[in-house]
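Data first, discussion second: the structure below is written as C-alpha cells.
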Amino acid sequence: MNTASTPAHVEPAVPPETESVGALVHLALAEDIGRGDLTTEATVRANSVAVAEIRQKQAGVVCGLPIVERVFQAFDDQVVVTPLVAEGSWGDQRVVARIAGPTRAILSGERTALNFLARLSGVATLSRQVAEAVAETQVRVLDTRKTTPGHRVLEKYAVRVGGCHNHRAGLDDGMLIKENHIRAAGGITAAVSAALRRTAPMQNVEVEVTTLAELDEAIAAGVQVVLFDNADLDSLRAAVARAAGRVRLEASGGVTLDTVQAVARTGVDYVSLGALTHSAGSLDFSLILL
Amino acid sequence: MNTASTPAHVEPAVPPETESVGALVHLALAEDIGRGDLTTEATVRANSVAVAEIRQKQAGVVCGLPIVERVFQAFDDQVVVTPLVAEGSWGDQRVVARIAGPTRAILSGERTALNFLARLSGVATLSRQVAEAVAETQVRVLDTRKTTPGHRVLEKYAVRVGGCHNHRAGLDDGMLIKENHIRAAGGITAAVSAALRRTAPMQNVEVEVTTLAELDEAIAAGVQVVLFDNADLDSLRAAVARAAGRVRLEASGGVTLDTVQAVARTGVDYVSLGALTHSAGSLDFSLILL
Amino acid sequence: MNTASTPAHVEPAVPPETESVGALVHLALAEDIGRGDLTTEATVRANSVAVAEIRQKQAGVVCGLPIVERVFQAFDDQVVVTPLVAEGSWGDQRVVARIAGPTRAILSGERTALNFLARLSGVATLSRQVAEAVAETQVRVLDTRKTTPGHRVLEKYAVRVGGCHNHRAGLDDGMLIKENHIRAAGGITAAVSAALRRTAPMQNVEVEVTTLAELDEAIAAGVQVVLFDNADLDSLRAAVARAAGRVRLEASGGVTLDTVQAVARTGVDYVSLGALTHSAGSLDFSLILL
Amino acid sequence: MNTASTPAHVEPAVPPETESVGALVHLALAEDIGRGDLTTEATVRANSVAVAEIRQKQAGVVCGLPIVERVFQAFDDQVVVTPLVAEGSWGDQRVVARIAGPTRAILSGERTALNFLARLSGVATLSRQVAEAVAETQVRVLDTRKTTPGHRVLEKYAVRVGGCHNHRAGLDDGMLIKENHIRAAGGITAAVSAALRRTAPMQNVEVEVTTLAELDEAIAAGVQVVLFDNADLDSLRAAVARAAGRVRLEASGGVTLDTVQAVARTGVDYVSLGALTHSAGSLDFSLILL
Amino acid sequence: MNTASTPAHVEPAVPPETESVGALVHLALAEDIGRGDLTTEATVRANSVAVAEIRQKQAGVVCGLPIVERVFQAFDDQVVVTPLVAEGSWGDQRVVARIAGPTRAILSGERTALNFLARLSGVATLSRQVAEAVAETQVRVLDTRKTTPGHRVLEKYAVRVGGCHNHRAGLDDGMLIKENHIRAAGGITAAVSAALRRTAPMQNVEVEVTTLAELDEAIAAGVQVVLFDNADLDSLRAAVARAAGRVRLEASGGVTLDTVQAVARTGVDYVSLGALTHSAGSLDFSLILL
Amino acid sequence: MNTASTPAHVEPAVPPETESVGALVHLALAEDIGRGDLTTEATVRANSVAVAEIRQKQAGVVCGLPIVERVFQAFDDQVVVTPLVAEGSWGDQRVVARIAGPTRAILSGERTALNFLARLSGVATLSRQVAEAVAETQVRVLDTRKTTPGHRVLEKYAVRVGGCHNHRAGLDDGMLIKENHIRAAGGITAAVSAALRRTAPMQNVEVEVTTLAELDEAIAAGVQVVLFDNADLDSLRAAVARAAGRVRLEASGGVTLDTVQAVARTGVDYVSLGALTHSAGSLDFSLILL
C-alpha cells in the first residue's frame, strides 16, 4: 500500500476554529498545569529562551500542527511554532515542527501539545489507510459520532485530513432515524413522515433499516438516504439492486480497515466506520530542546 | 489469564467529582447535541417515558458507570441510571445498567454516555490485564501524562479501577526532572538542587537518567526516586543493584502488556506505561429501548 | 383573518433545551439583577411568599411560557410556574400563567421573564399571521439568520410555534452559497462544485441567483435548492417554469406580511422573511401579585 | 423634523466595554458559526484576503460601529474595521465602514455584525426622533428595563447615542418602589421608609403612584422622585402643580413617539418610554465584497 | 463596650445571591480541592455519613453562615447545614452550626467553608465595634471599595451585618469624582457639570475636596454630597459649618476604630473606613466530627 | 531587625500564571466595574492618555507588581506597567511602578490593582519578618490552607516572595491525615496504611498527632512527616528527641511572629503559620496621575 501521497481534495481542509476547540485546549492545559509547572519553575530561569523540535518517531500522517500552535499560544503567546512539513503528509523519523520562545513555556506546554498531535495523527493515519483501500471505488468513507467526548470537531477534521469524509457533526446536524426512534415513533413510516415535516431546504432524512422490506418502506416514506446496519455483503448487494438509485445507501456496523474494500465493492454510496475515531492508534512524537 | 476478579484495593476507588469532569461532560454534550436533537424532537413525543438497557457486547472491565449517570443527569435530571453490575467488574454480553426517564433525554444522551463508557472501559480493561501480568511481583504499575486531553482525571480513575496506580496527576503534582530540564538547568546536580529548595514536606523529587553514572549523580544530589528511560532489562537489573535501596527506581519507555512482566522482574519499584491510556482500545456497548 | 386556531403541526414544538439558552438566561438575569435587587431586598421580607399572575394585555400568540419557567427556576428553584393557556394559542386580555413562591424571587425575576415572553410572543404572532396568509398555498414560509444576537434558537422556536418553518440554524447547518461566496470562488459552477465535494449524506447545497441564466448554471452544477433574491413576481413565475421541478426554489428579500401571499402564489417552494424575527413587535404582558 | 444633526452631548458616548458585551458577542458568534462556516470553508481559500464595505440602505442613525469591530476582532483579530462615518450620525444610502482582512473571517462574521448594527441603529434612530420631539422642553427622556435580554448595556448605549437618557441600569442600580413592592411592604410609607434606611450617599429613592393622595404620601415619606404610571395629561399637570418642586416627577406608561411631546409639555421632569427599546425597528445594512 | 446586641436594622440583611458569589465559591472550591481530596478519599469510605459541629473559638460577630451552607451545597447537595445561632449575633466559645451528610463532603468542604466564615466574621466584628463607637451620633459609617478582590458583595454584606452601611458597590454604582478625575477634567466645576449631565433620576453626584474653597466650588457646581479626604477634626467642623445643610458631608481617610467617634462628633453625615474591610482580622472557627 | 535584604532563594520566584489567577482578576474587575465606570466615562475624554505613578506609603515588602500589570492588561491591553523597584524588595515612601496609557483605563483599573497589591504586599511583609526571625535556625517556615478564598496561589506566591515556604497547595497536593480523618478511619495506623496504598512515587504521607504515643504509632505506620498540633515547647523538644530523624516534624497551631523563633529552636524541621495569610495586614499604596 502506498500511503505517501496526499489526496488532492485534502488541500482546503483547515483546522477548526470553533469555540469548542478553544474550550478543550483550555481544559487540557488546566488539567496538566494546574497550579503551575513545579519542575520547570524550579529548574529553568524565567528569562531563558530556547528552540525545540518536534520529531515524528513512527510512520504515519501528521495531523494537528495547527493545534500544537494553538496550545502553545494559549499558554504563552510569545511561543512561535513553525511547521516544517505539510499538515496531512505521510512521513517517519522526521522533524515536523520547530518551536521557539521562552523555555518555560515550551516545556510546560510540551505534553499537552504532543498528546493532541499523537491522537489526531493516529486518526488521520487510519483514515488515510482506509481511504486508500477504497480508492478505486466510488464509495465515500464516513466517520460516525463515536468520537472522543469533547474532541468531535478535531477528530472529524483529522478524518478529512486523512482523506475520508464526515457524516453529521452532531444530533442537530441532520436527521438519522435509528432503531430506537422507530420503536418510539411506532414504525418507519410514522417516524419518517414526522421527520419530513421538520426538514429545512438543505436537509435530507436518513433512516436505519435491516431488511429489504424495511428498505421498501423507507423509500415509500420518502427518505433520501438509507443506512443498512450490520448487513453482510450479500444483503448489501441485494439492497443496492433493490434501491436502484431511488435512495442513497450507507453501510455501517463493524467495518474495519480489513473489510472496508469488500463492503465498498457492493456498490453502496457510503461506508461508515466508528473505528476511524474510536479505535485509531496514537502516533509517537517527542519534543527536544536544541 | 483469569481476569474475572476485582482486586481488593479497587474497592474504595470512586469516580472523580472534580470541576474538570463537569466541564468535560458539558463540552461533550454541547458538541453532540448542539442546537438540539433534531431526529428525536421530530419522532418522539415530549411526554414519552421509557426504560432502556446498556449492554456490554465485548469482554472486559466495565468502567464509567458513574459518568454515564452524570451525563444523563447533566442533560436531564429526571433520568435515573441504575447500575446492574459492579464498577470494575469483568464481564461480557451482559446488561450493565438500566436507564429510566423521558425517552427524549435517554436518546439524546445515549451517544455521549456510551462514548465515555467505551473509552474508560477500554483503559480499565488494559490496566487489569497489565496488573494481572505483574501480580506476582512487588512492582507498582503506573500510568503517565500521555492521556487524552481533557480526560486526565477520568483516565487515571480508570487506571485505578483496572488495578494499576497513578503517577503524578499533572505538572503541579510533584517534580519529575526530565532530560530537557537537565539540559536547561545545566546538569543533574544543578537541577536537583534547585528542585529540593522548593519541595514541600509531602513532596519527593524524581529525576530521569539513562546511565549508571547519572544514577550515581542523582543519588548524590539527594533525589528520592529515579526514572530509567528506555533501558533494556540488563541495564535495569544493574541499576537495581547499584541503587541498593538508596532510591526507588522507575522503569519507563515503550513498555507494553507483552513486556511488562519481564520489566517488573528486574526488581524495579515502579513500571510506567503510556500505553495504559494512549493505546487502550474501546469496549463496545449499546443502548436499547425496552 | 382568523388567527385563533393553532395549526396541528405546532403540537410537537418544544422549547429548546440547548446550552445557549441557559447561557442567555444567565446573562439576562445577571445584567438585570447585578449585585442584587435593592428595592425588593429593602421592602420585602426574606421569608415572604406570594402568588402572582402574568396577564396578556394585547391580542396575539403567547410564546415563551417554558422560558418564563426557566428564568424563574434559574433565579430560585423554589418558584413554581403554572401555565394556564397552551403555548402557541392566540388570545387577549387573559391570565397566561400563575407564579408561586418566594415573593422576592418573583419580583426580582419578573422583568427578565416578561422581556423574553413579550419578544417571543411578538415573533410567534407575526409568524402566525404570515402562516395564515399563505395557508391555501403549498409554500413553506422560512425564517432567516437575521435574528437577535444570542436569541437564535429561541426566535426560531417562536417561528415554529407561530406556524412557519426554520431555514438553517447557523453557518454550520447546511451550505447556502451567496453572492459574496460566488465572487470569492470565481463563479457559480466553481463554488457549487467545491461545496458538493464536502456534503454529508444528509446535506443539500443551495445557491443564490438573480437571473434565469444563473438558475440554469446552478441546476447544471448540481445544486438541490436555488434562492432567488429580491426578484419580482414575474421573475419568480419564470423561474418556477424554468426549474420545472429539477430544483426547489426559494424566494427571499423584502417580503412582508402584506406581500407574502402573492409571492407564495408564484409557485415557489419556499418564501423566507427576515422580517419574522427582525421586525416582529413586542406583545404586552404584566405580572401582578395577588 | 430635521434629524440630521448629532446633539452635542452625544459626543462622549462610547461603546460599553463591560464583561457582558463580551459574553454576548461570544454567544452570538457561537450560535451562528457553531462548528464552522461550511459554505465559506468550502468555497473560499484559507489564504484569501479581501476588502468589504458595509452599506446603510435605510435612513436613520448609525449606531454600533464599535460593536461591529468587536465582533470581527473576536472572530479573527486580523480583521480591520474602519468606520467611515461618525457613530451617531444620521444618514442614508452610504458606506458606513470598510472591512479588510481574511475573506473567510469577513464572510463568517458578516451576519452577526450586521444583526447587532441593524438593531442598535434602530434603537438609536427612534431615540433620536423622540429626543427631537421634546427638544424644546426641559424634559429628559428616559429608557426603561424593557430591553432585549442580554442586550441591556448595548441598547442603553444606543439610547444615549440617539440623544435620550438612561434610567437605572438594573435592579441593583437604585431603588424604584413599584406597585408590587408597595403591596408586599404594606403601603407607600412603609416601603419608602424601609428603602431610605438602605440608601447610600449617592442614591435617591423613587416610588410609583397613581393618585395625588399617593403623591402626597410619597412626598411625606421622603422620596426624591415620583413616577406617575399611565396617567393622562391632566393628571400629570395636576401632579406637577402639587409637587411644586418638592420631588421630581417621571411620567411613564404607553408613551410613544406620537405622544411624547404632549407629555413633556405637562412640566414633568422625566418621561420614560419602554418603546425606545422594545418597539424600535431594525435598520437595513448589507456587506459587499469589493 | 457592650457588643452583644444585634442592631434592629440588621434583621433584613440577607446573604447575597448574586452571580459573583457563586463564581467565587466555585473558584475557592476548585483551588482547594483541585483534582480531588487525596487524604479523604484514601481514609474515609465513600458511603460513610457523619455529623460535625462548627465551633467559634474567639469572641466576635458570627457572619457567613449562609455562605458556609452554600459552600457545602456547591460541593455536595446532600450536605445539610443547620445554623444554631443567629447570623450577626455576638458570641464566643460556642457551636454556631451543625453539618450533617456524607463524611467525605464534610471534610473536603471544611477548609473552604471556614476560610469564608473566619474572614466575614472578622469584618462583621470590626464593623460592629465601629458601629457601637458612633451609636450616640447621627453619623452613618460607610465602607469603601478597598475590599478583597472578588469578595466585594460578601464583605459589604458583612459590613451591614456588623451594623454599618455600604457606600457604592462599584464604579457603575454612582459617581464619585476624585482628585484624579478633577485633574483629568480640568477642575471641579468642569467635572461636576459633566457628571450631572449623565445622572439618572435615582443618582446623586459626590465630589472629593480638601479645602473650604473647593467645598464652595463643589456646592456651586450642584453636587449633592462632598467627601473631605484626610481632613483633621477642625477642618471637618469648619466644613460642616460652611455646608450648612446644602450638601451632605462625608469624612474619609485613615479613620480607625480608635478615631471614628471623634470624627463622627464633628457633625459630618458620613464617615467611611477602608479599614472595615482591608484591615479586619480573622475570627477563629473549627469543624469537628462528632 | 534588618528586613531590607531579599533572600537569595527568592530570586526564581515568579508570579503564578495559572488559570485561577485569570479567573480571579476577571471576577475582581467585573465586580468593581460592573456595567462601566460612570465617573470616569463622564469626566474623562475617551482619547485622553496619561502617565501615573503607584506610590508605596508604608514600610514593607512590595509584592504583586506582576498582578498589577495583569489587572491593567486584562482591562485594556494598551496600558503599560513599568515596575521601578524589584518585586520582593523592602522599602517605604517610594514610587514602585509607572503606568502609562489611556487615562480612562488607568482610572478604572486603579482600585482593583491596588487592592491586589496592598494585600499581597501585606502577606509578603509578614512572611519576610517571620523568615528573618528564624534565619539563624534550620527550620523551614510554611504557610497553611488558611488563605483567602480564591487567592490561594497568589498568597502562596507572596509567602515565597517574603522568604517562607509553601505547604501543600490544596487537598489534591499530598496527604495530610488530620484528627477528623483519623477518627473516620478508626485510628492512626488504619488511616496511614490506607494512605500509603495510594501514594505516587513523588508523594509522602504526613499525619497529625498530639502525643508521643501517637508519634510512635505514626512512625511505626510508615509516614514520612508528622505534624504536632498546638504543642508547647517542651513537648516539641521531646518529640524531636523521640523522632530521632526517623520522620520529619512540623509544629503548627497558634504560632505568631512573636513566638516563631522559640518554636524554631526546638529543633523541628518545619513550623507552619496560618497567620502568614489569614492575619497579614494590608500595605498602603496610592495611584496618582502625573
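By letter and in written order, the chains are A, B, C, D, E and F; residue numbering begins at 1 in each of them.
Here, a contact is a pair of C-beta atoms (placed from the backbone, for glycine too) under 8 Å apart; a residue touches a chain by one contact, two chains touch by 3 or more.
The shown structure was predicted, so the numbers you read here are calculated from the model rather than taken from an experiment.
Of the two chain pairs examined here, C-F and D-F, the one linked by more C-beta pairs in contact is D-F. Averaging Cα atoms per chain gives one point for each, and the point farthest from that of chain B is the centre of D. Among the other chains, C has the CA centre that is most remote from the centre of chain F. With centres set at the average Cα position, the gap from chain B to chain F is 33 Å.
Separation between the centroids of chain B and chain C, computed from CA atoms only, is 45 Å. Shared contact sites, meaning residues of chain B that touch two or more other chains, fall at 12, 20, 30-31, 33-36, 41-42, 152-153, 169-170, 172-176, 194, 197-198. The touching residues of chain C, when paired with chain B in their complex, are 12, 14, 16-20, 152-153, 169-170, 173.
Those residues of chain F lying in contact with chain C across their complex are 31, 34-35. Contact residues of chain F toward chain B in the complex are 9, 12, 142, 165-169, 172-176, 194, 197-198, 200-206, 224-225, 248, 250, 269-270. Those residues of chain F lying in contact with chain D across their complex are 26, 29-30, 33-36, 41-42, 45-46, 76. Taken together, the chain B residues at the contact with chain A in this complex read 20, 23-25, 27-28, 30-44, 48, 50, 52, 103, 107-108, 110-112, 114-116, 118-119, 145-153, 169-185, 190-191, 194-195, 197-198, 278-279, 281-282, 287-289.
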